[in-house]
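Some structures to go through are shown next.
First chain A sits with chain B, and in the next complex the same chain sits with chain C.
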Partner chain A sequence: MRMKVISIPEYCLGCGLCEIYCAAQHDGFNGNVLKAYKTGQPDPRSSLIRSRPVSWFNTCMQCEEAPCLNACISGAIKRDRDGIIYIDENRCVQCYTCVMVCPYGHARPSSRSGRIMKCDLCRDSEGMPACVKHCPNGALKLWQGGEEQ
Partner chain B sequence: MGAPLNTGFQMSTPVFKVDRDQDRCIQCGVCVSQCANEVHHMDSDGWMWVEDEKCVACQRCAVLCPTRAISITDYPVIFRDNSHWGSASLREIFRQAESGGVLLTGMGNPRPYKNYFDHMLLNASQVTNPSIDPLREPMELTTYLGNKGDLICGEEKPFLKLKVPIMFSAMSFGSVSLNVQKSLSAAARDMGTYWNTGEGGLHPDLKEFGSCAVVQVASGRFGVHPGYLDNSAAIEIKIGQGAKPGIGGHLPGEKVSEEVSLTRMIPAWSDAISPAPHHDIYSIEDLDQLIETLKVASRYSKPIAVKVAAVHNIGAIASGIVRAGADIVVIDGFRGSTGAAPMRIRDNVGIPIEIALAQVDSRLRDEGIRQQASLVAAGGIRSSADVIKAIALGADAVYIASAALVALGCHMCQMCFTGKCNWGLATTNPELSKRLNPELGLQRAKNLLAAWGHEIQEMMGGMGINAIDSLRGNRLMLRGIGLNPQELDLLGIKSVGD
Partner chain C sequence: MKYVIIGSGIAACGAVEGIRSTDLCGDITIIDGEKRGAYTRPLISYFLSDPDRYRDIDYRSLEFFGEQQVEIIPSRAKQIDRSDQIISLDNGQQIEYDRLLIATGSCPLSPPIPGAEQDWVSTFYTIEDAELIVGQAAQIREVVVIGSGLIGMKAAEALHKRGMYVHMVEKEAHILPRQLTPRTAEFLNEHLSSSGWDIITGEEVTVIHPQHKVELKSGRMLSADLVILAVGTRPAVELARQSELDVRTGIVVDAYFQTSDPKIYAAGDVAETLNLASQQLEVMALLPHAHREGYLAGCNMAGQSKPDPGSILMNSVRLLGWNICSAGAADYRGGELLTWQYQEQLLELKIRDNRLIGYIAINVPEAAGPLTNSVSRKMAISAASWKEFLADGPQLLNIPPVYWQELRRAEAYGSN
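Entry: the complex of A and B
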């Protein structure tokens, strides 16, 4: 079943908590925002695009025919059993082909480390993706098949 | 005439202190983007700083801060101890000396007047009669509001049917955002109760919620037209409001956006001023005429409510209202809230709803006209226990507004009148009002009503009562604690132990 996070700009406050909790959920920080930002190199996988008064969270569409998956030269971009497209960092050679082919401008290199970042729907942790769980206004939803909004 | 001072100097220290724990702050800037009062700042080099004097303690930044780095406390410098000249008095004088204006405020009366709800205790069944378990046995909360007197066989009188004896009180579009009305109207529909448009008319987006709306006809007559009256469950004539008895309303022009202007049927960006009196009601006979006019206009298909503030001699006033033909009498106590009112009026005018309610119920019973109208209590209802006590004192149902707003996120900073509500409630600024997602608001409001409904059933069961009808005016279920004999007499209840 295809899943993805949907952003509802009508109710997005542009607070950026999605980015913060996204970074804290990855790289072994286990949701600890303080640790991620005070001791680590926080790398949000998705980014909040702010253009006041509108803002919107640019997350992965988890495309069925995923250009990044098809274009990856080292086989680092994979799809798991749940249909989630993720990056196997051990195989990534940072060629940035995915950055160029992503039609949504989602996959992008980290400004800190240069590695590729894309949303993996927090597949390594239980429950909802961190951004959905922590959005204070319900402006992010996890779409799990069915009718697209 | 007073004139504001042309100086940035302020005579007093800030009221609140915004503390930022630098060990925890990650310079994410959430506080900066969320504060409409512009307390928080971040320079381009990442330096964070605050302006304490602008803080209203709405807690928005503290709640959203992902690392709990922000705490808001009372500013530590206190004035020399003085039981008469408290710090609030001094600060208010400083403010008035600077502005030359009337002090405005929002929400309900915060002064430490005696709270009669907190001086009443409920009964519970023990050996001599059984209590009822609401999980195992049916428990009836359904309430009908309207004229139940002189029913002639075959005649149909208009009623409101409430599945819980709690309605959402009047909050106009303009004083609150459209998303607040969307949340509350949908919650009222889903829970089988009613919401109130306030005096700002019915926004076209909410047309489908007309069938569960009490539409208000107030002294400004904003948004009143045949379609408005037709698309409603009941019509409420608003004479007074608990937070500001005797004075009208004033929606500042800055809040009258295009949307508000269309709904209110007034020019955009012009002040919406509701006169203090209805200019067609100068006597009880005039009220009679307006009630009759509205009944005719709605072809006798809807109950007509009259809302008054609880003031001295409320018993006689309510009696007059019932005799003028009102089907529902709404009494708004002095703790009732407002979007904007002069502070002196809010804090010093009116009487407690508990006493007013007891007086009105007794008076109408004594005069044999209690069945001709339902009584709705409003003004400062904080919990299901307050609801139960109000019903036992004689109310048929209650109105809640502050509690509903708190459910949607209000933190009672009392700054509604600024239009800068950081929780997106008391504002029409689109950037702020989008902070309330009506889908979440609907769920929160529904949860509140459901939770209170369950609690009411629990308390009724404990008293051995299985229908809310049997509790209405059943003051034997109440006992006063810490009240003097006159207060007990006015409330019509016995003392604890009696």
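Entry: the complex of A and C
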């Protein structure tokens, strides 16, 4: 079954909480926003795009024939049993081929460390992805197969 | 169904995934002529720079092939008997096939330079090439790299990282001649030269003397303990030619990767596929294409009907900490070139008839994906919009809004 987080721009307020909770859910911060932002180096996996007149959270579409997965020169980009495309950071050589081929501009380097970041649907934690859980206006939802929208 | 794949590279891995997306029980056999498994060639330069860290450069692991129930035979295919559908291997084995994929890749060109046959002159294409250099590395102080394409560049970078002095000789007027424009090449050249490389452009090597001297056309002599030949590659079509399949520069295939024999498919560096920029069938020897082509060929071999939509030339490479992305047409005659520069960042957009036809981005990776996609889909986005994009700063959030609208129209982008 294919899953992805989708954005509903009509409901998006552009507040950016999605980015904050996304960063806090990764890199061992376990969803602790204060810890991530006060003491750590938070790196949101997806980014909020404000493109006049709309805004939306630019998440990974977990494509069926994924350009990033096809293009990865080191075999660092993989798909797990749930269909989630993730990065094995130990294997990544930061060639940015995935960045070059992602039509959504989703896979992108961290401005801090240069490592590649992409949405992994919070696969290491229980329940809904952090962005969906914390969106205050219901502008994000987890799509789990079936009809779009 | 018996599937046989000749070659164990990227296209072969793609094909395994493609076949298994449709057929979970057919037999899949890979004939691994190099006998080194499915490793990724671009990583041999990383191995050369740091063999301990990059010991494992497998593209897909042995567990992967186990899970996919693939048999790997470490032997070279000698002959294809098309009428009986049997392949003879050089270990004496004979293998039957119902569907065959030729994924033999490319091989390095050897330039006709006198002295190029000496044992301190090497190509840089296989893991074995890299291992041989690693074995002699303690005795190497100075190297000459002939050719400044991607292979030459990555070899030079690895040798530089090991503390060797690098001379690079390029016969064209600037480095990375197939990827860069004069200005972007000059920009990168400064970075590499200031790191200590001796880059010589518009020059040719005429003789490699046994006294460890490399002579250039101008008469200049370079000293070298090692010479790397990196003057290009060609598709490995010998087997296809010998089997009398249609071959031009590469193996001729239709949109479904079928060769002139309907039981035989070809994909990856060895096949000619559609370049959307030139609308020509060309050998586009690039790793991302090899995987996609292999995947589609695998799907089609297993009975699906998935045509190749075509692709464009594209590269992304890291050189001494700099990222260089380029895609699309090299030539923008009749169009215009928009340029943006800020400190170590340089971006050139090639625009013709209100379409982005190519770009070169040095240290501006963030928006590269939408740029590549604008080129390959020939999206109608005006020069004025691209000028605004550059004026606002070439970041993802400044991509012309019409791009996102087009994307939503074209596919299930999740939101509308």
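Basically, the second predicted complex is superposed on the first by the 146 of 149 C-alpha atoms of A that agree within 3 Å, B and C clash if a C-alpha of one lies under 4 Å from a C-alpha of the other, contacts with A are read in each partner's own complex, and residues count from 1 in each chain.
Keep this in mind: a residue touches a chain if its C-beta (ideal position, glycine included) is under 8 Å from a C-beta of that chain, and two chains touch if they have at least 3 such contacts.
Quantities reported herein were computed from a predicted structural model and do not represent experimental measurements.
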Simultaneous placement of chain C and chain B on chain A, clash or fit: fit
Which of chain B and chain C A:47 touches, first, second, both or neither: second
First (chain B), second (chain C), both or neither touched by A:109: second
Which superposed partner A:100 touches (first chain B, second chain C, both, neither): second
Which superposed partner A:59 touches (first chain B, second chain C, both, neither): second
Which of chain B and chain C A:125 touches, first, second, both or neither: neither
If touched residues of chain A are counted for chain B and for chain C, the larger one: C
Minimum C-alpha separation between chain B and chain C after superposing on chain A, in Å: 15
Residues of chain A that lie at the interface with chain B and also at the interface with chain C: 8, 52
For the chain A and chain B complex, residues of the former touching the latter: 8, 10-17, 20-21, 24, 33-34, 37-38, 52-53, 134, 136-139
Touching residues on chain B, where the partner in the complex is chain A: 23-24, 26, 28-30, 33-34, 64, 66-67, 430-431, 434-437, 439-440
Chain C contact footprint on chain A (complex, rising order): 4-9, 47, 49-52, 56, 58-59, 61, 65, 67, 70-71, 73-75, 93-97, 99-109, 143, 148-149
Residues of chain C defined as touching chain A within the complex: 14, 40, 42-43, 46, 57-60, 287-288, 291-292, 295, 314-318, 323, 325, 327, 365-370, 372-373, 396-397, 399, 401, 404, 407, 412-416
